[in-house]
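Chain IDs A, B, C, D, E, F, G and H follow the sequence of writing; residue 1 opens each chain.
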Amino acid sequence: MSSSEKSSEELKGADMALQVYLSGEIHTNWRDVIVRKAGEAGLDVAFHAPVTDHAASDDCGVTILGAESDKFWHDHKGAKLNAIRTRRLIEQSDVVVVCFGEKYRQWNAAFDAGYAAALGKSLVVLHGADHQHALKEIDAAALAVTETPEQIVEILRYVLTGELPISKRPA
Amino acid sequence: MSSSEKSSEELKGADMALQVYLSGEIHTNWRDVIVRKAGEAGLDVAFHAPVTDHAASDDCGVTILGAESDKFWHDHKGAKLNAIRTRRLIEQSDVVVVCFGEKYRQWNAAFDAGYAAALGKSLVVLHGADHQHALKEIDAAALAVTETPEQIVEILRYVLTGELPISKRPA
Amino acid sequence: MSSSEKSSEELKGADMALQVYLSGEIHTNWRDVIVRKAGEAGLDVAFHAPVTDHAASDDCGVTILGAESDKFWHDHKGAKLNAIRTRRLIEQSDVVVVCFGEKYRQWNAAFDAGYAAALGKSLVVLHGADHQHALKEIDAAALAVTETPEQIVEILRYVLTGELPISKRPA
Amino acid sequence: MSSSEKSSEELKGADMALQVYLSGEIHTNWRDVIVRKAGEAGLDVAFHAPVTDHAASDDCGVTILGAESDKFWHDHKGAKLNAIRTRRLIEQSDVVVVCFGEKYRQWNAAFDAGYAAALGKSLVVLHGADHQHALKEIDAAALAVTETPEQIVEILRYVLTGELPISKRPA
Amino acid sequence: MSSSEKSSEELKGADMALQVYLSGEIHTNWRDVIVRKAGEAGLDVAFHAPVTDHAASDDCGVTILGAESDKFWHDHKGAKLNAIRTRRLIEQSDVVVVCFGEKYRQWNAAFDAGYAAALGKSLVVLHGADHQHALKEIDAAALAVTETPEQIVEILRYVLTGELPISKRPA
Amino acid sequence: MSSSEKSSEELKGADMALQVYLSGEIHTNWRDVIVRKAGEAGLDVAFHAPVTDHAASDDCGVTILGAESDKFWHDHKGAKLNAIRTRRLIEQSDVVVVCFGEKYRQWNAAFDAGYAAALGKSLVVLHGADHQHALKEIDAAALAVTETPEQIVEILRYVLTGELPISKRPA
Amino acid sequence: MSSSEKSSEELKGADMALQVYLSGEIHTNWRDVIVRKAGEAGLDVAFHAPVTDHAASDDCGVTILGAESDKFWHDHKGAKLNAIRTRRLIEQSDVVVVCFGEKYRQWNAAFDAGYAAALGKSLVVLHGADHQHALKEIDAAALAVTETPEQIVEILRYVLTGELPISKRPA
Amino acid sequence: MSSSEKSSEELKGADMALQVYLSGEIHTNWRDVIVRKAGEAGLDVAFHAPVTDHAASDDCGVTILGAESDKFWHDHKGAKLNAIRTRRLIEQSDVVVVCFGEKYRQWNAAFDAGYAAALGKSLVVLHGADHQHALKEIDAAALAVTETPEQIVEILRYVLTGELPISKRPA
């Protein structure tokens, strides 16, 4: 937007579209909550995600490139195809949100967090209180540590518009 | 714009939209003056700013992420949320203008100036003459040192169009 | 696309346009196959290629800049003009596909692969099984090694949409 | 352009808009020739240039920021304002063309050439044969050395479309 | 070493000292095994490690900087002090070895792997076969996946000297 | 040190020499305290500092390069000479310590902090509690916030050796 | 060497040790010739090379990490181990010499040349005249194209000392 | 030097060896003056220079790599060999001094200045007052503009030790 179309009132907003990558946990609907609520709030955010279809993600390599008898190479081929998508999205994002859920090791999520941190991306972490100690190094590299998808949306709203949640605004 | 749509006359203009970040002082209306006058001059500039609502900026962290009993962590949470916005805007700007006003320590403004300088951004400083000696290192890193918002607008006009202020053009 | 226009269903797609550079072999129609099938699949990909007119590519330097009596300088001038195009396209691509055919030395293709790898681009290699041993270092730097143009299209489809080929989807 | 809208025929073109910075000599009309002929050829190029109004360029600093009694600081202030424009344009260009004319020292042009080379930009030089020996280091850093503006246009046409001048195409 | 002091025989060795960072698991003696065996083999490697005293690592922040009532900030202060050491060592290493053991979540190890990968470090992973599927993305980013510390030493020996284990050399 | 000379016991130390730049306040002896105590502790640290002779620092430009009648240019010349030293030292440091004292504006210190942060240096801040709110953005960019020079020494000891202060080690 | 130990006569030499990586052809003794003659000339050069034992280079992966039934993965494991050495050496070299011999495809050599070019290394190519046309793109990216190992030594001598071969010095 | 060997008195010196490249003019003895006086002052500086033997510099390419009938290629080959030395020295220097003399066009010097500026090197310029206007853009990119070699030595002394010339120290 050129300056001639913008009143000084509008300067309150950052006049930018944020690119946000939603990494990690793929077994709950946290991404849907964020995307829907950010949409309801009219935030100018482009959300990106890894392939969240677990079966497709596991088997993409051998399905496209040919079967492997050894599980290691089966997984290897798939992981590399997924990396084409994942790394490009992290590299072109402004904010990388990493969610750690209750199940599985989720080393992949922690790897993405380290990758994003080394690239200087703004890192936001989402996890339950029970993982606090185990995630302390990742939390320490983050610009925000959250417990709910709603907090992610509030952060994005604040970053984009400078506005705090209505019910909680300082008097 | 493709070359086929542009006469050589128009080459005088740089054919670019400048991204300009307005850092620093939040207690006077210097940003409004710049945005308004640049708009009146029809300059193709996208202006960006930090959150300038002092209360929101101070309290955003605890409001969204939960209260802290210790003032240090209260401020820490807020400063990190603000950094999501601030760093992205500095990193994607062409010109970073930093204004030092009369009040407060404004270390944050000087920090932004150092951050912008290290990234190789074009730095423009705005301050009164009384701060000249105290700001000498920052002025020395800048491509222009100004005293009024109008000078900022004239700089942007010249950078974009090659035109000097009418009343002052060399004969 | 802003979040408000995107249902959570659409998050499955990566919401990105991929820039893909098709390097290497210029004597078969592998690029046409990829471009056509990606078009039929509706993939949001911008494909780029070197100049594939062999005579023009060889003679561009002397044609534009003047004849050379020494073949070395004849080739030198042409190779440098081609480099203006090639390097820019590699540098601005997300994925670099390098095809090694049956004929010629194709050192140029291997050079492009090394150039792309050093820049951290996602490298995808396309070659017949008979070249496997000779290309092992390049294959080892790639995120996918393919034998047909159709596999390239399936990779791009998966990277963009998370969808596997219909006939091969895991049950 | 998405792949679905592009026939394989069109792949011959690089499907890119080139950003081209025209540095150096400001006393002849070489820029106008390039811009006009590129326009007639329908090339998708955005041309950029320094401020070419000699008086404005020399006096911009003191006109906007206040007079200086010492010629060194008069020039210093102006040179820094011009650097805001020049560096941004070089940094965001794909190709930097540097023209050395018959008059003046033109150290500024050589400085721009070095600046562009260090950033890895494609450098194209334009000068008469009489300067050949004095410019040998700069020519050696370039991807093309030309003697006429028309050659610049032919280079851009070839880089963008793969087409050589009709009258000179290899049989 | 200057060329005048080196016979061509010695060119077989890479004439370099490798910097190797040993990240991850701190409850078994795998680092000691690697350091001792590399020493016995006379390899020119400088090994580095995080602080492996679990209690010191957990409490360093509050011990030096003052107690915190909230466990989150207790951990936060410590994690940041540890990051001063960890990031510097990763950034200055040639090879980053990451070991995943049997116990704990070890997200920190995966974070280091991602950090190293984004910086373009040579990544070597060490883990048992049971973690193969869960670590597939990290394995896919590595240049070697090992199961024993002895394999790490053999890799370093080969990288430095070109020599394979005596008992296994190809006939 | 090569691996052959190092017992596994010694791996506890990071086997590195830290480069530490001590920026900021020049009117108290905090640098001397750090250097002396680090020396007594036998830490392998190379400390660097700006020129701390206030008069020399202010006048170096005009003394070497010639007098200026205008105070702005007097300061400008000096600030640029000091920048030759300051920027090189920050760029080559592992840790940048910035001390904010009781007197003066110290914008220079905040500028150095921003510069160091943008380069990804480990930032450690030293200031009294009364400046906590004003320095919150700089503290939020730091890996440690301290109140005494002794804490700086303890941090460096821990980073280098993994050892905590004897009197405070966890039982 | 500090300035106090150096007469102005010695400034003729560049006072630097060059790091030179010798990539490519492993079936003739070209590396030995270069290393020996550089040694005889007393040049301060550290030469580096890939593992040139063909059998070890091919089998290192499976020998250390375990056998593979599929030749592709056999080669893949080996190529990745070799990449640990190769990439580090290229990244830390000042000059990368790439030799193309008479036999084999040598795509690996061309890959190294592209990798070195993208990193901005000084590239020197060594090949017979019969490969001139096929290597034109790589030659165009090089700072010197040679036909004999002796020319490489003369280049290094000139770069280090400014001295030309005695028998050929200009009168 | 480790902290344990350094008294706080010595902190006044920067404890660093500066790498300084002396670019430009090769027909007067300005380099000798700087090297000799810096040596007399005991400054810890390593000076570097281009090949200053004019005939060798002009003819190195054809002497080593074979004659050319065309003067352009004669010069081209030489300029590229010189670039191996020049670029490495600039890239590894802390300070780049560029001297413009009375004779010749010296575009090469201005190119080096631009190259150094783009790499963020500290640039120091040396030239007579008569070139002031023609060199204003280069002076504006420099951290110091000098007229005599002695001023260069005083700058290096101040940067390294914080000491000003005895005769001129502020009272």
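Everything that follows uses one rule, which is that a contact is a pair of C-beta atoms (placed from the backbone, for glycine too) under 8 Å apart; a residue touches a chain by one contact, two chains touch by 3 or more.
If you want to know which protein each chain is, UniProt gives these names: A, B, C, D, E, F, G, H = YtoQ family protein.
Given the structure is predicted, the values throughout are model-derived calculations rather than measurements.
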Shortest chain-hopping distance from chain C out to chain G: 1
Homomeric contact chain G-chain H: same or different residue positions, threshold half: different
Most distant chain from chain D, judged by the mean position of its C-alpha atoms: E
Centroid-based (C-alpha) most distant chain relative to chain F: C
Rounded Å distance, chain A centre to chain B centre (Cα mean): 29
For chain C paired with chain H, centre-to-centre distance based on mean C-alpha positions, whole Å: 43
Cα-centroid distance, chain E relative to chain H, in whole angstrom: 41
Multi-partner residues of chain D (each touching 2 or more other chains): 80, 83, 145
Residues of chain G touching chain C in the complex: 71-72, 75-76, 78-80, 82-83, 100, 104-119, 131-141, 145
Complex contact set, residues of chain C against chain D: 17, 29, 31-32, 35-36, 38-40, 42-49, 51-53, 55-57, 59-61, 63-65, 77, 80-81, 83-85, 87-89, 92
In the complex, chain E residues that touch chain G: 1-8, 11-12, 14-16, 18, 94-95, 122, 124, 143-146, 151, 154-155, 158-160, 162-165, 168-170
